[in-house]
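Here's the structure we're looking at; comments come further down.
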Amino acid sequence: MIDPWYIAVCILVILVCLSLIRLFLGPTAADRAVAIDTVNTLSVAVLILLGVAYQQIIFIDVAIVYALLSFVSTLYIAKYLGGEL
Amino acid sequence: MFWNLPLIAVVVLTIIALAIIVFKKNLIKVFLGIVILESAVNLFLISLGYREGGIAPIYTNAPSTAMVLPTPQALTLTSIVIGVATSALLLSFAIIIWKKYGTIDIDRIRRLKE
Amino acid sequence: MIDLVIHALVIAGLVASALMVFHFRDLLAAALAAGFFSFLISLEFYILQAPDVAISQAAIGAGLTTAIFIIAIRATTRYEGGQP
Amino acid sequence: MRMSKIVRTGANLLYPFILIFGLYVIMHGHLTPGGGFQGGAVVATAAALVIVAYSYDEVTGMLKKTAMKARESIGLLLFIGAGIAALAVGAPFFYNFLANSGLLFGMSVPAGPNPGDLNTAGVIPIMNIAVGIEVWGGLAVILLYMLSGIRKEES
Amino acid sequence: MIADVLILACLAVGIFFNALGIAGLLRFPDVYTRMHATTKMTTFGSMFTALSVIIYGVALFLSSGDGQYVTLSVHTLIAAISLAFTNAVGSHAIARGAHKAGIKPAPAIVDRLEEFTP
Amino acid sequence: MPWWTRARISARSSEVHETMDLTSTLLTGAGSWNPLPWVLGMVVAAIIAWLIYSMGEKGYKAGTAQAEPFISGNPEPEKGMVHVRAGNLYWGYLEALKGYYDRLVPLHTGDLHDYVLWYLGITALFLVLVVISA
Amino acid sequence: MRKILTTIIFVVLATGLCAIPAFLAFGEPAASEMDQYFIGHGQSEAAANNIVTSIVFDYRGFDTLGESVVLFTAVVGVGLMFRSMKGGKEQ
Amino acid sequence: MIPSFIVENSPALMVIVPLVAAFITPFIGRISSGIRSLWVGGAMAVTSAITLILAFDVYSAGTRLYVFGARAASAAIPPDSGGIPIRIIFEVDPMSALMLVITAVSGFAIVLYSLSSERSHTGLESYYTLYLLMITGILGMVSTGDIFNFFVFLEILSLASAGLIAYRIDGGVAVEAALKYFVLSTIGALAILVAIGIYYGEYNALNMAMIAARMQFSLLDQVALVLIIAALAMKCGAVPMHFWTPDAYSMAPSSITALLVVASQASLYGLFRTVFSLYNVTLNAVTVGWLIIILGVLSMVVGVTMAIPQKNVKRLMAYHAVSQTGYMLLGVGVGLAVLGNQSLLDAFGYMAMEGGIFHIINHAMYKGLLFLTAGAIFLRIGTYNLNRMGGLGHSMKWTMVFFVIGALAIAGIPPFNGFASKLMIYESVFVFNPLLAVIAMVVSILTLASFVKVFHSIFMGPKLPEFADVKEAPMPMLLGMGILALVVVLFGLFPGIVVESLITPAAHALVDQGAYISAVLGGA
């Protein structure tokens, strides 16, 4: 029996790779920023699930760090897009 | 062979990064290439230390059977910080060059020759 | 087996985003692709059981490096080879 | 220019939270993943959050470049001081003289898997704090300098 | 047993919504609609996956009495909360930035932001 | 006595000139070199030169018309004008090696890409040579 | 000409780097005595549960000092770039 | 007389003192500039003193080990670790000690010089901080016995040098030079890091002695060797990877240029250390030796021929630096090429290597002196352009004397030190391959020719009207130049004792891999 956590992670990683398509296509920079933002959200789920799949509780810290910090780079992008930086 | 995937990725990423450095005219693009090169080297170091079925080298309540090798992780931490220091200095050079020359095109940053 | 698939997917994403950095003429998009690359390499470190390195790559690579690249793009120019 | 009120409020709310989390990462460096660099980077990102949410002029009032540089130097001095202290004890540079000594951070660890105790690892937590302070100051001051580069161009 | 079912259900819901979000990201016509899809769906989906992990931790704690599973749940909760917070603010900032950058929502008839910001 | 000194002296003991000052004699593979006689010779040469100089014409006085050059009555040019500037030195040498310089100087393009490519190229060349010869 | 040479350089470099995946096995390190020592003794010697931290700050602490100094150097260098140049003469 | 505490801990102290001084310098600068000068000069003096004490100790008592973080040196190799040293070890053998002497002497002389040469510039706190960090980088690079530690110090050195090259940002040209230098050195450092990873993956060790003991010269080792020697040859400015050298040397402040010469020598040291101590006889000595010889000959010829038509005096001197690096590569390359053959090594190999190594110390001294004189001239007349100079000999007599000493030394005119090392190189290389010796002599003649040109156009001729009120360089600058000139003259007058006591031990330590390994690993 395959671990359900792994299946979930696998599907989520596929979704991450799919959003790469939008990063590639996105006509404007804003679309790409949206793609990055989406990936940031998904990645937190991926990191949490992988941590559980590895049975390593300490790994969840990485997810928290990523959730808190990816947001800052998003803000920089948004500020630059708005021409306010 | 298939199991060497990260090491193959290291080779591919290194070549892509060198191609970015050599073929792109824009300084910032070149610096992005350097960042990718650094990440590729970091990936190389980390994959050297991976051991099949090993867990992270931290003693917690998790069952400790075999651990991955810790030294490459320590080296990579050092390398990452060196990487960010490098890119900060490089980018500040680029900003000054933009101010003084009005361009960051490598073809036109050529006042020093002969 | 299935972790191998995850592994392969992440590495494919790495190579794809590196190629995107090569391809984009819009430097902002290239910086975003590099941020994506940073995230994926952090995930790869995570998969290779290096949480310390993953944290530092996530914090420094995905957070601060992207930020300083964007500041540098703002201070210089956005498009490679002039405005399209 | 400052960003919208929503962002500013969010930044205000998140700033202490990120700081606390960064301190957690620094202090638990010898028990869980993390340590001085990672925690320092997290704390520096909190500074980056404030920098991005407010305008540059407001930020320079809150985060002073000189203070950040001072933080960096003090962190490094603390770090190298922890090494020199070993020389004072009569051991070589960087000798972990506090480990297993029973003093501050000097408890010994039982072998094998265990959840760990904060009061262990000798000089490692001290060095973690030192490096955390240093990285905080260093990364924040890099951001501030680069933003000042933009400002100078406009004026 | 109930916990297993709950975990699997939450996981399934989470992944389903995430997939919907990505579909929206790929298929929708412009920035604002894409953002509409991704922000809501992926936040919701990721919260649900986090919820499944929380339930997992609580269930294991109740069955084994081991404190570390509480840590798992609490940390996951922190991650989920910070995700909810940051994602909302970040999306708001991107939308505002895109609007300021001159990307107008094409089918929109009323643009209140345009009216209120000089 | 350290081991290397012993090894050296035993290897070359036959060549050591006992009369010369050991601190300043340099033994090269084929002979020896001592700067002190050279300096001594130069001092002697300087003394001889001074003697010759002191035997010269005593009636010369600086600052009078004696010191002015005779240019067939033409006015003496400005001092700064007669100085040969650096760009004019070695003109003939550069002219003779024109073909060489025309190839060498354009290599220094000042282009960062060229710098990186030369470095990578040398790495590749070394790689081929070292791996083939091993 | 230049393109051909560049291509040759890249092919040679790629071939040379391919020695890495060809001869280094991923997943089973060839030798690991030093790391086994760290894993086995790090907990008792450095009294830290996180072996990576004990390497970074204890066994290889001097490297970490160097790394902090690198960051410090970068900060000083960036400060030198963006310094205000009032009241001094420059070239 | 000297406390044993200092002697015992000197390898650590020589890194600690400049580091602590560098950390505090930014605050000291806020108080007053006089205190800052005192602080920096004092810190540098202490560093030099400790370094010289260490070097003296090494020369008199043999190789020194310093294990960071272990009570006893034996604790570096615990019994369970399979004989691998697990901690960072500083291994100072006579070759390292030679480099330490060079760094100490030039570093002290240059700091005296820059106290007055840079007085009126902005950003001086950063200048001195980076200066001290650069000294730290060089000292660490040449004394470490751990290959990853070498990489870290190399990075410190690169970042500090890049920041200092860009010090005069007004025209932007200096930043361009720094950018080129830094991009190249970053790529080179990453190549070295890949090589370190290869060693780690193969032998699971980071200590250089341990890697040397286990070295097998497999295909991976060959790749690593190439990555390291190409990167380090680039960093020491060997043709055809020298393009950054004239840019960086000519655009940096003169005092920094003099130190950059020492930094290049440190890279050269790394190259020799890799080839001799890490690989030694396992590598195909003839191929690698000839590669280094060819690099050296190319450097000599291209460097000197490119120098002759230059109009910028510092650029000219920078090309000469490239050319002189060629002599060192030639001398040591010849030693490497005959490494496998003991009789040839005894016949002329050691002598060639001694010549090359002697040239390292000579070059650091006289090239530093020349760059400092160029800086003194620039301080007074504000240009580097040779076409606009002339007649300065009337007003800058001491500078002229120092310049003449340096120029005669670099050209290899007999009583000065350049002649001694070049003589050793000529005679031994002549036995190896006469053509190489002839090329070396021709290069020496061309060097003399180009310095005659420089001397004529700067100092000779009547006093030019635009330089009527030029004064002599200030006293601290003359003092800094005087120290280096004194060393040049002394080394020239007493080459025998210098070679016997400094150079020969260094050359033997470099060749003798067994001693290098057994110093760390014990009698193995």
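Chains here go by letter, A, B, C, D, E, F, G and H, matching the order in which they are written, and residues are numbered from 1 within each.
Criterion: a residue touches a chain if its C-beta (ideal position, glycine included) is under 8 Å from a C-beta of that chain, and two chains touch if they have at least 3 such contacts.
These numbers were taken from a predicted model, which means no experiment stands behind them.
The minimum number of touch steps linking chain A to chain G comes to 2. Chain centres here are C-alpha means, and the one lying farthest from chain A is F. In terms of the distance between Cα centroids, chain B is separated most widely from F.
Centre-to-centre spacing of chain C and chain F amounts to 54 Å, using the average Cα coordinate of each chain. A separation of 24 Å divides the Cα centre of chain G from that of chain H.
Taking the mean of the C-alpha atoms as each chain's centre, chain D and chain E sit 30 Å apart.
The residues of chain A that reach two or more other chains are 29, 33, 35, 40, 54, 56-59, 61-62, 64-65, 68-72, 75-80, 82, 84-85, listed in rising order. Counting partners per residue, chain D has 3, 7, 14, 17, 25, 31-35, 37-38, 42, 45, 48, 52, 69, 73, 76, 80, 83, 93-94, 96, 109, 112, 114-116, 135, 139, 142, 145-146, 149-150, 153 as the residues that reach two or more other chains. With touch defined as above, residues shared between interfaces to two or more other chains in chain G number as follows: 6, 10, 13, 16-17, 20, 24, 29, 32, 34-35, 38, 43, 49-50, 52-53, 56, 58, 60-75, 77-79, 81-82.
Those residues of chain H that touch chain F in the shared complex are 62, 179-180, 183-184, 187-188, 191, 217, 219, 222-223, 225-227, 229-231, 233-234, 240-241, 243-244, 246-247, 283-284, 286-288, 291, 302, 305-306, 308-309, 311, 346-348, 351, 386-391, 414-415, 419-420, 423-424, 427-428, 431, 449, 453-454, 456-457, 460-465, 492-497, 499-500, 504-505, 508. Residue ranges of chain C in contact with chain B, taken from their complex: 4, 7-8, 11, 14-15, 18-19, 21-22, 27, 30-31, 34, 37-38, 41, 44-45, 48-53, 56-57, 60-61, 64-65, 68-69, 71-73, 75-77, 80-81. By the touch criterion stated above, chain A contacts chain D in their complex at residues 58-59, 61-62, 64-65, 68-69, 71-72, 75-76, 78-79, 82, 84-85. Residues 4, 8, 11-12, 15, 18-19, 21-22, 28-31, 33-35, 37-38, 40-42, 44-45, 48-49, 52, 57, 60-61, 63-64, 67-68, 70-71, 74-75, 77-84 of chain A are the ones touching chain E in the complex. Chain C meets chain D in the complex at residues 51-52, 54-56, 59-60, 63-64, 67-68, 71-72, 74-75.
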